[in-house]
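We call the chains A, B and C, going by the order they appear; numbering starts again at 1 in every chain.
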Amino acid sequence: MADHTPRRPIDVAIARAFDPRRRLSRRSFLRDAGRGTVVVGTALSLPSILAACGIGPGASATPASATPVALPSEPAGTLNWANWPAYIDIDEETGEYPTILKFTDETGIEVNYTEAINDNEEFFGTIQPDLSAGNPTQWDVVVLTDWMIERMIRLGFLEALDHSRLPSFAANVQDLYRDPWFDPGNRYSVTWQSGITGIGYNPTLTGREITRFDDLLDPAFAGRVGMFSEMRDTMSLALLSLGIEPANATVEDARRARDKLLEPARSGQFRNFYGNEYYDELANGNLALTIAWSGDVSQMKLYDNADVEFVVPEDGGVLWSDNMAIPRRAEHPLDAHLLMNFWYELDNAVALTEYIGYFSPVQGVAERVREDAATAQEEGDAEWAGQLEVIAETAFPTNETLENVHTYRRLSEDEEREWNELFNEVVQG
Amino acid sequence: MPHRLRWAVPYLFLLPGGLWLLAFFAVPMLVMGSVSLMEGSLSTGYRLTGNVGIYPEALGRWAPQFLRTIGYALAVTALTLAIGYPMAYTIAFRGGRHKSLLLLLVILPFFTSFLIRTLSWKLILADNGFVLGSLKDWGLLEEGFRLIATPVAVIGGLTYNFLPFMVLPVYVALEKVDVRLVEAATDLYASRTQAFLRVTLPLSMPGVFAGSLLTFIPAVGDFINAEILGSRDTTMIGNVIQRLFLQNNDYPQAAALGFVLMAAVLVMVAVYARAAGGERLTQG
Amino acid sequence: MTAPAIPVGRELAAPVPERRRPIGRRAAALLLPGYTALAVAYLFLPIVVMIAFSFNDPGGRQNITWQGFTLENYVDVWRRPDITGPMLNSVVVALVSTLLATALGTLIAMALVRYEFRARGTLNLLIFLPMATPEIILGASLLSMWVSLGVQRDITTIAIAHVMFNISYVVVTVRARLSGFDRRLEEAAMDLGASEWVTFRKVTLPLIFPGILAAALLAFALSIDDYVITSFVAGRTVTFPLWVFGVSRIGVPPEVNVLGTLIFLLAFVFIAVQIWIGRRELRARPADA
């Protein structure tokens, strides 16, 4: 940078800090800058400040190290865990999380559980500044969707796991979730829950069975169709309907998908592009059919509106997973490992799936849920038995289903921007 | 206070607040300004390249949303004025002993989270909720009619949410109006309408001005109403900026759009200030 | 025989007695209050709906159709730390930021209205710009600054942000009130021997107090409401709007309505007390402005 002002200590410090050969750490920053540096003075050397923001070059370019994070000998006794809402079993009466309490009983570790994640990108935006600057993020465990995990690995934002601390994972994980496309060898993440993006619809409102993505574009349903504002889900389904495998899609293919969606979008075919809110709209009948997540529709059938069905489109659905990972410089990594291992024990995995109804990555869950359903039936609790039956169906995809699901494309930085821009045109009129 | 230090008094008054704003508004804005001139991406890092071209680029691409947003905001300001002025007038001139109580009634609903209020509107205006559903059942509306996911709902929501920002300043201005001036006008054979138009209304203009600004500006930047009550076709510039920021991680473009928005607002406000009879912002 | 009463001269010029106002005028007189009553009803409609649905007993995630009355939600809400936590955070932040912003903003307003000084133009710009800036930019810029300074984001940074955006609104509101203030009252007091400080306390402050109160109320409402800026600078802290937004995406639970109702009642009580105190003072001091 051409900077003609004399080099104050703070500038020297910052300049040294974003030397790509040396990661910026808060301690070194402060030590070099000396105490008593005036904030205003700092602000005046803008390019330097921006580098320290983590938006500068170099600070974030360190690739992920595959060396497992160094673990202390004893757990710290506390842990900060960020997850999505409605993604864990909860005791409605007391508002407590029974399985988390069980974890605390067994290990003595207090868990600060916060439903801080509503959207992958949004959450990423809150932790990216810290991660780019090499600072701890306040979280020890985060639950993010596979493509976001892939991005964070690429950016070096995750700690590599020490699998010697995850014996239950090794023993119990389903093959489908071992060594996934976005994290070979599970070096940085283990699956929390998984699901399929397909189509949810109300047979009474649609008047017919829905089987393909193109049904969403049927003018007969104009104004009552829902789409996702989530780029990957929507684009992948659109690509599949064009006969293109998302994992192999080029930018040109993405353009074709955009073209396919743009015209209907402009003509008002879609009521709106939704995030989680599509649930309400489908349940209360504002939508006749919509892109949907499998677990949501199961829950809807059980609790809110029994007249809905979930279908994997003929041309293909998308299988995704949400995964637990440890952000770089997390303060309680050992506790994090213990938590991750805990959820791979069969009892705990069963408790989780019985409540939220998505696919479990743990072996034996589906069978156990069926056993519990049978037990409930015997004990005369027909309602609970019925619910468990439904959940058993959705606890793990059938082989038949698995043949027709695909995964997201691993998007490079540039591709992601291209796809986002194309999709933006569709979503924002 | 010693006379020689009298000059310091105004500075003493404005120093705490002024410093606060400098530290927590001005400085961060400078940071953001630099971000808009950067290029790059998350993994390669952003570099300050002085890419001024981002501004025309962003403006060109998002012009329809900009225009739509300004249009909505103008509609909202006009509506809040139309709805709120009579309310403020009634409270100020007819309130009598109950002025405070009435004012309380007006402000009270806005002590709940605006998210909850907007969500309540979503419920009220729901396709088959108790309002529209009943009207449909009685055959007064056709089946496919809907308010949610239309501009009407978005503007309605914005109007509702910003109504007190118009009512309060107008009330404050009207309340200062000396009733004897109005009486004097009627004594001089002005009709009540004339008295209003020529005495009360001009005297209340500072309040109208403040209220219009307090309504227009947040309306232009809002995205919550459009998100909860709107659809793709009601996308406002706030939605665009939010999406660019938080979902596309396109900080330079998002920051640039933000500054363009700010500039547009400032220009419109300056024009309004001139048109409102040279009423400078500095005057109360 | 008495001559028929033909109005003449002075009688013609006399105003028409109230009792015999024609229907048109009576209706017109009712127009404004009637309109205001309607407007108030419109303002309260979502609130009524919110309160009503706080008593709803929904089966699943959705709370949009009436499924049964229950008081359970009101009990339930206190037992859930994931709800009471954010609520407490919001109230604390709102109180603190209201106090600070009102104080700082009133001082600035007084400086602007009553004194001549050189930085006037810059100050006006500095006050006006935060209001003209989209909240999303305010939030993102603050976040960038905190991160670059290595400051942990929590309830303190939220409060700081709230004070920042509230100052402008306080200044605008108080200034509107101040500029009509009659300085001669102060001069009169000082002529009668009161010192500047006493004058301020006993003459100025009580007279501008309604303006300050209005500004404080506005600041409180803005703070407790704030979603966008807070979402950027909250860090791990969850405030009430953040919680509502998060949870509303999957279906608004009745607990949201319960809390909304409670905040509403709290505000009601707070303001009612203010008014009651104001009335008492008015009665104690009969002749007042």
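Everything below uses one rule, namely that a contact is a pair of C-beta atoms (placed from the backbone, for glycine too) under 8 Å apart; a residue touches a chain by one contact, two chains touch by 3 or more.
Note that this is a predicted model, so its numbers are computed, not measured.
Visitor: Specify the chain with the shortest distance from its C-alpha centroid to the centroid of every protein C-alpha atom present.
Guide: Chain nearest the overall C-alpha centroid, as shown: B.
Visitor: Could you tell me which two chains share the largest number of C-beta contact pairs?
Guide: Top-ranked chain pair by contacting C-beta pairs: B-C.
Visitor: Please compute the C-alpha centroid of chain B, do the same for chain C, then give the distance between them in whole Å.
Guide: Each chain reduced to its C-alpha mean, chain B and chain C end up 15 Å apart.
Visitor: Between chain A and chain C, what's the gap in Å when you average each chain's C-alpha atoms?
Guide: Whole-Å distance between the two chain centres: 39.
Visitor: Compute the distance, rounded to whole Å, between the mean C-alpha positions of chain A and chain B.
Guide: Those two chain centres are 35 Å apart.
Visitor: When you check chain A against every other chain, which residues touch at least two of them?
Guide: Answer for chain A, listing residues that touch two or more other chains: 39, 43, 49-50, 53, 55, 284.
Visitor: Where in chain C do residues touch at least two different other chains?
Guide: 64, 144-145, 148, 245, 248
Visitor: Quick check on chain B: which residues sit in contact with 2+ other chains?
Guide: Residues 27, 31, 35, 126, 245, 251 of chain B touch two or more partner chains.
Visitor: Touching residues of chain A toward chain C in the complex: what are they?
Guide: Per the stated touch rule, the residues are 26, 29-30, 39, 42-43, 49-50, 52-55, 80, 85-86, 93-95, 112, 114-116, 118, 126, 129-130, 133, 135, 138-139, 275-277, 279-280, 283-284, 299-300, 302-305.
Visitor: For the complex, give me every residue of chain C touching chain A.
Guide: Listed in rising order, the residues of chain C that touch chain A are 59-62, 64-65, 76, 79-83, 143-145, 147-150, 152, 232, 235-236, 238, 245-251.
Visitor: Can you name the residues of chain A that touch chain B in the complex?
Guide: Checking each residue of chain A against chain B gives 1, 39-40, 43, 46-47, 49-50, 53, 55-61, 119, 121-122, 124-125, 128, 132, 154-155, 223, 231, 265, 268, 270-273, 284-286, 413-414, 417, 420-421, 424, 427-429.
Visitor: Using the touch rule from the top, collect the residues of chain B that touch chain A in their complex.
Guide: The contact residues of chain B facing chain A are 23, 27, 30-31, 34-35, 38, 40-48, 64-65, 126-128, 144, 146, 148-149, 230-235, 239-240, 243, 245-251.
Visitor: Can you name the residues of chain B that touch chain C in the complex?
Guide: 1, 9-11, 13-14, 16-18, 20-22, 24-29, 31-32, 35, 83, 86-87, 89-91, 94, 100-102, 104-117, 119-121, 123-124, 126, 129, 160, 163-164, 168-169, 172-173, 176, 206-207, 210, 213-214, 217-218, 220-221, 223-224, 238, 241-242, 245, 251, 254-255, 258-259, 261-262, 265-266, 269, 281-284
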